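Here chain A shows up in two complexes: once beside chain B, once beside chain C.
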Partner chain A sequence: MAAPLTLLLIVAVTIRAVLYRSSLAELIAERVEVVSPITAWKRVIEGLALLDLGVSPYSGDVFHETPLIIYLFHFLVDYAEITFMLADVITAVALYFAVRDYNKKVFRKQKFALEADRYPHDCLELIRRPKEMFYIPLKVAMFYLLNPFTILSCVAKSTCGLNNAVISLFILTTIKGNVLLSAVFLCLATYQSIYPLTLCAPAMLYLMQHQFIPVNFRRVSFWWFVTQYLFMFLGSLLVLTCLSFFLLGSWDYMSSVYGFILSVPDLTPNIGLFWYFFAEMFEHFRLFFLCVFQINVFFYTIPLSIKLKEHPVFLMFMQLAVISIFKSYPTVGDTALYLAFLPVWGHLHRFLRNIFLVSCVLLACSALFPVLWHLWIYAGSANSNFYYAITLLFNVAQILLVSDYFYAFLRREHHLTSGLYLKKKDGSEATLVLK
Partner chain B sequence: MGLLSDPNRRRALISMLTRLNAPICMLCYCAGVCWFMGLAFEPFTLRTYMSENAMGSTMVEERFPAGERALATAREFAAHKKKVGGMPVDWLVKTMQARGLEVFTQSFSRVLPFPDENKERYIVKGTNVYGILRAPRAPRTEALVLSAPCSPGDNNNQAVGLLLGLAHYFRNQIYWAKDIIFLVNEHDLIGMQAWLEGYHHTNTTGMKWTPLQGRGGSIQAALSLELSSDVITSLDIVLEGLNGQLPNLDLANLFYAFCQKIGVLCTIQGRLQRNDWDSVSGYSHAVQTMMLMVMKQASGRPWGDHGLFLRYHIEAATISGINSFRQYKTDLTTTGRSDLYRLVEGMYRKLNNLLERLHQSYFFYLMPSLTHFVSIGYYMPAFGLLAVILLLRALDLWVQLVAPPARTEDGIAEIEQQSSPGVRSVLTPLIISHLTGAALYLMPVHFQEMAVEHFPVSETEAVVLTAIAVYTAGLALPHNTHRLVSGEGTEQGWRVLKLVAVLYLAVLLGCTALINFSLGFILALTMVPVAAFVTPDVPKVLSAIVFVILSPACTLLFSVFLFQELQDMPVSLQDGWMLYISVISQGILDHYLFGSLVYPLIALMVYPCWLLFWNILFWK
Partner chain C sequence: HELWEAVLPLIVLLCGGGQLKDDFQEELVIRPLHSGDIYASFHFRTLWETDFMKGNKVSHYRLFPKSLGQVISKFSVRELHISFTQGYWRTMQWGQPYLPSPPGAELWVWFQDTVTDVDATWKELTNVLSGIFCASLNFIDSTNTVQPSASFKPLGIANVTDHRFLRYATLPREIVCTENLTPWKKLLPCGSKAGLAVLLKSEKLFHSSFHSQAVHIRPMCQDSQCKTPSWELRQTLNVVFDLHTSGQGKQEWSLFKMFSRTLTEACPLASSSKIYIDITDNPQVGEQFELIPATPLLRQAVVLGDRRTFSVYDLTQQVTFGTVRSLNLLIRWKSTEGHMLRPLLHAERYVAGYGLQTGEIHTLMYNNHPFRSFSVLLLDSVPWYLRLYIHTLTVTSKGKDNKPSYIHYQPSKDRIRPHLLEMLVQLPPHSVTEVTVQFERALLKWTEYTPDPNHGFYVGSSVISALVPSTVAMDTNNTQERTLFSSL
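Coming up: the complex of A and B.
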């Protein structure tokens, strides 16, 4: 499997290198769908310039990345293109190994269940086969590397690529069962953009499953593990924040990075839901709705964790999707990360209901974004409502996609316990409805 | 959400849509065409009205006195033009300075990618002269532009005379709140492009020009004048700009309002409006006017010097004087009744009252007459009905692709077998047809020298004929490549390819229609039937002929004939062919000179998409 992966990496790097050299790179770097005020490379350059002049990069309202990023690029600014390509490669490779391990585990679990004769007999067609599972890791890497969204994001040098790399390393270490590294990478991801905090729940669930600790609030071992994990997580977070403080010698970055993410002062249009809503709102409602919108991102953790506590990796996918849909400054790079997981759930396809509709809408929206932007900004003949309508449609399609997978996953699990051909009490064929 | 989550109702709906797919598609197509034709029917259209308060309610009085002098200036200009044999730059500078303007010049040069045979130019060098009248009443942050092209020969002298006359008159008035820029541009659109790029510090087309020495505020609106005779019978307003962009409808309303006030005949597309909408001839008149607008818009060309302003978010229109053989003529010379001058003066005074850019009225509209318009909400359904056909076909194909294997005994094994060649047999035609498209885009201009060396043709002909040759070669080249890749064309394979192609076409046409409705609609009209009903099982020869007839290139050919017919200038086949060649060369030139998007769109997207359907036809 090494050869196809290498080939894939070479192809992906070549595409990116070619695009970096073309005139498209500049155009892409300006697109609001690809870069947000946080991740824009132009702003990183500005921060670097300020840093070189001995001014705090956070003075002024341009730079909003974390101190570690600016120090990273302080050394790597000449190799920025290579760094971003490397970040994509790391993400893809990490996802590849993570998914391979996860699939092994799924297969082993299925084997035990089959041996214990736990599945109903009419469910044999739901059983996953090694032949179909063999190519999934490669497909995941391909979905990530060759996804136009990822390519655009990389060519625009959006720092979103680095965040994705950190998150995928977190996923890899979690699936490998390494508690300390998992906590450290989760902490790095949280430090970068706050929202990955919600990935804490799936990580702990997975690691507990890995170490055979029951998820039970009355067990000491459960609380002991949670304390351990949180200690590691918060400890490394403390180290990181202090490190950032010592690097810059001030706490400026707190308000400028996290305050910026949470209070959403920059209403530049993007593919998210925040900008239009807050641009239209009366000022005195702002705080209230800000809280509502931000809590919305974090809130899904609780119901999803309860429902999916047996399936932490699927939970992780759901969380990534929720973050990328509801975060304050989403870009297509965030979307690309969770889209990379779709091949892992390829076996759910027979239960998906809206996949055709949703993929058509996503496709159309991706094409319409630049068109409506052109009509609004350059031609002046359309207005922001046109653009926001597409944003809304894009997000609705994403939500439908995710909930469709959620439904399909739950339905498969249901069939695995109670048989594929469900009968109503009167003997007619029953259908499952998600309400 | 019931429809999305209730499986029973979904199944019922989908089975109905697949069962009745063909009739519904036919119905949609007819409905789309009927809807479009209905747009010109007067009771279905809206009457134009002035939306902008700053221009609607305020009164202005026009009292331009010096018609005679303006005509004399025009004669003087003509004489100097003849003497210099081009644009009399020094005389213009001197005259403008004498009128009290700040005068600047800008020189520019441009080598065309290939010689333009229509206007007989290849290496273009020229000078723009413009004078700025500084606003006495306001902080000079905004400006209006009045331009007149200095055309070769005897054309347009009166426009320059009018411009200079107005400059003289405006200078003495105190109510100007916006800078007024009087621009005389040489080599029409090329000069205009140079001036606008210089004014806005952009360079999108690689033209060489000297930077502007003086500039006014941000330009709010612009008018371009075209007058070639001393006597005019009516005034025509031209709205269609680059890439089918239109100025705010209020500009047309303003023009109409003043024509009414002053009592000048006004036309759009050179056609008067008629009141007998309920008669057949009245309706066909409206349809023809609208069709002319649709075809002009679809061409994506700037149809007057104003066309390039629109790109910079400046509302602009061209006003041209028409001298036709009618009994009542408006005489430019009669002092006190010099209607045209008063019209332009009045329009500028109203524009001067603007508090913000024109934005109240519509930007997306079609005009079956100058008094009636169709807004985007009314014409989009016509396109929507055509686009729905594609989506219905896609749904049908999807159902066919997904449904049968799930029911068979060993379904999974079958899917495995068929899906992997499916992906490859889709990717190969996609890549090959796009490469053909790229060749169509790049080859004509880059290989013109080689073509000229080897064939007895001129450069322009070489470009066009290369384009046609590549286009035709594309028909022969890719239609059985999938067999090389995957052996035998599978049943599943062409369905997947058709699904991809249909969705591609739908997205492509949708985006096109948003930017340029007319182009999107014309392409949809010809490509949708082909896309909807192509399968490898239809009779080859007959459908191949239909295919070629409905291909983008033939659509253009028919459009040329139809356009001539609508303009009451029918052409013979021979002339039509020559015209066709010149239209193609103009389209390519427009792309390289002004950044028109029609040529790359057709070459890089529409043509490859059409090739995909061609591919399906020859699948087996």
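Coming up: the complex of A and C.
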């Protein structure tokens, strides 16, 4: 599998290199769907220029990256394009190996279940075959690298690419079973944008499954593992924050980075839900709605973890999707990360109900974003309502996609335990509904 | 005994008059401009030997207005400069003004170093001034106030120049009207009842191309020992009347045509009351224009680095008013030739770009001196909702990069303070220097838009401070005999 992967990497790098050299690069770097106030390359350059002028980059309201990013790009600013292409390559390769290991595990588990004859006889067509599972890692890497969202994000030099690389390394180390590295990479991802914190739960669930620790609140081993993981996570977070303090000599970055992500003062339009809402609401209610919106991102962890505690990797996918839909400044780069996982659940296609609608809406919205932006900003014949309508539609389509996959996954699990053709008590055909 | 009786009233007079040593002078300078317009500049100065500081309550006010005296002592103000301007000064057509001022309202204040909380004092001061001048200066808050680090050095005597005590704010959207003129006139000792202030009638003054009224308060030295400070209050009013709208197209100006009033007497409280007409472009009497009534008095003064000649009308002399007991100066043109001396330094500023997202601010500075280069200090204060990207700042002269030797940049904080950019730029001789910086607009909350947002957003003027080399050496002697308009 090395040869097709290498070929894919070469093709992806070529496409990005060609786009970097064209005049489209500047155009893409200004698009608000691709860059946000926390990930824009223009702001990274601005932060470096402020540092050169002797002014702290965090004294103004333009720069919202972490000090480690300043430190990294202080040395790599001339090689920025290579850095971002490398980040994309690392993400794709990490996802490739992660999915390959995950598939091996899934297949092994399925084999044991077949031998133990735990599946009902009429659902043998739902069993996965090695032949179909062989190409899934390559498909995942392809879905990530050749996704137009990822290409746009890379050409715009959005630091979201770096965040994606760290998250994918976290996924790889979690699936490999390495507790320490998993905590370290998760900490790096959380340090850059707070939301990957919610990935703690699936990581812990997976590692406990890997180490055969039962997930039971009454068992000491469960709490002991949780304590270990959290200790490693919080320890590395402490190390990183102190390192950032020593890099620039002050704690300004905390309010500029984390205060900014949580309190959303900058209302630059993006593909998320926050900007228009906060531009139009009464000041009196601002804090209330801010809390509601932020809690919304973190809240889904608990019910989803309870429901999906046997399937932590699917939980990880759901969490990634929830983060990239509901975070305060999302970009298409965040969407691209969870869309890369779709081939892993390609076998659910017979249970998906809305896939045609969702794909049409996503394509239409992606096409309408630049049109309505132009009408609002340049032609002056539309206003922010038009653009927000498309934003809402885009997010609704994403939510529908994720919930559809959730339904399909749960339905397949149900069929695997209670047979493919369901019958009600009186013998007539039953249908499954997701409540 | 007779000697004693003669001396006694003199002693009484000296003792009585020695309590309040204040002095009021008024001047009107009229300068015909080459485009046919006419520039009238009023200067009123009250000089008072007193000390507002050191805790002694000053309660007996004579010529100095009490409202301003109380402002100075309550807020520990060392210098105060406020101006209200309507219109745009066209330097290329009109030359340099005696005192430049940006459109809208501008206020800059140096506080004494005894002030502990400068920001709170500034806020109270702006509100009090808003009441005194009937202007909406209460809109000055932290989002449009800056603390310049190098510009706006004190114009009066100063011991310490710690820029912590300096505040500068502009309100470019502020309009000037009769409501602002009336309280301004009330600060004058004679009000608008006698003297030159009689000419200040709003229906004519605001029917002009440019109107600017200002108040400047600063501490001064009376002599070279400088034992006691004296406080100077200067009120200036600059107005440019347009040839076609006010002059009905005929190049013939008179006091009645400009102000719809004539002068009948000087202000009795004024120690000097004069009118100066700039006749430098009229070396032979009657060649370009003639003055009616003629006057034998002439005066030479160095104004803005240029030696100018003025005809003087002294209103304290009864002979000026003639037999009709009223003075209506008439300036009648014979020919319309003549070229204007190009101003050595002038600047332009505009916004480039299209769309609601990004743009670029261009500032052009012209150095018209044939062989000398000089440095200028450029101060830019941009509102927070136009996010400047300082890495896009370029300074080019004659097509080549011109790196400023000093840059002080304070980035803005959303909804708290504006951008402040100060640069020291060397202007090469006979060249244009262009300073460009890109900005990106922020999406404002619905409560943050000004009324009528389709009108657009105003960015305050940038301020250029420069020492322009002149062809005439400055006279640094005792400034007692200088005219008012050449000594600020």
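Please note the rule applied: the second predicted complex is superposed on the first by the 435 of 435 C-alpha atoms of A that agree within 3 Å, B and C clash if a C-alpha of one lies under 4 Å from a C-alpha of the other, contacts with A are read in each partner's own complex, and residues count from 1 in each chain.
Just so it is clear, a contact is a pair of C-beta atoms (placed from the backbone, for glycine too) under 8 Å apart; a residue touches a chain by one contact, two chains touch by 3 or more.
Bear in mind that the values here come from a model prediction, so they are computed numbers and not experimental data.
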What is the contact status of A:Cys360 with respect to chain B (first) and chain C (second): first, second, both, or neither?
first
Touched partner set for A:Leu368, first chain B, second chain C, both or neither
first
* A:Thr6 contacts which: chain B (first), chain C (second), both, neither? -> neither
Next on the checklist: On the A-aligned overlay, A:Thr14 touches which partner chain: chain B = first, chain C = second, or both, or neither?
Outcome noted: neither
Applying the touch criterion given at the start, work out whether A:Pro265 contacts chain B, chain C, both or neither, answering first, second, both or neither. second
**OP:** Answer with first, second, both or neither: which of chain B and chain C does A:Glu125 touch in the superposed model?
**Re:** first
Next item on the list: Examine A:Asn296 and indicate which partner it touches, taking first as chain B and second as chain C; both and neither are also allowed.
Entry: neither
| said: Just to be sure I read the superposition right, which of the two partners does A:Ser250 touch: chain B = first, chain C = second, or both, or neither? | reply: neither
- Taking the superposition as given, does A:Tyr378 touch the first partner, chain B, the second, chain C, both, or neither? both
Residues on chain A touched by both chain B and chain C 378, 380
Note: in the complex, chain C contacts chain A through residues 354-358, 384, 387, 389-391, 407, 409-415, 419, 442-447
Per the touch rule above, chain A residues touching chain C in the complex are 30, 42, 45-46, 48-50, 53, 55, 59-62, 265-269, 275, 278-280, 283, 376-378, 380, 384
Touching chain B in the complex, chain A uses residues 125, 129, 131-132, 350, 353-354, 356, 360, 363-364, 367-368, 371-372, 374-375, 378-382, 400, 431-435
Chain A partner, complex, touching residues on chain B are 4-8, 10, 245-246, 310-311, 313, 357, 359, 363-364, 391, 394-395, 398, 406, 411-412, 416, 503, 506-508, 510-511, 514-515
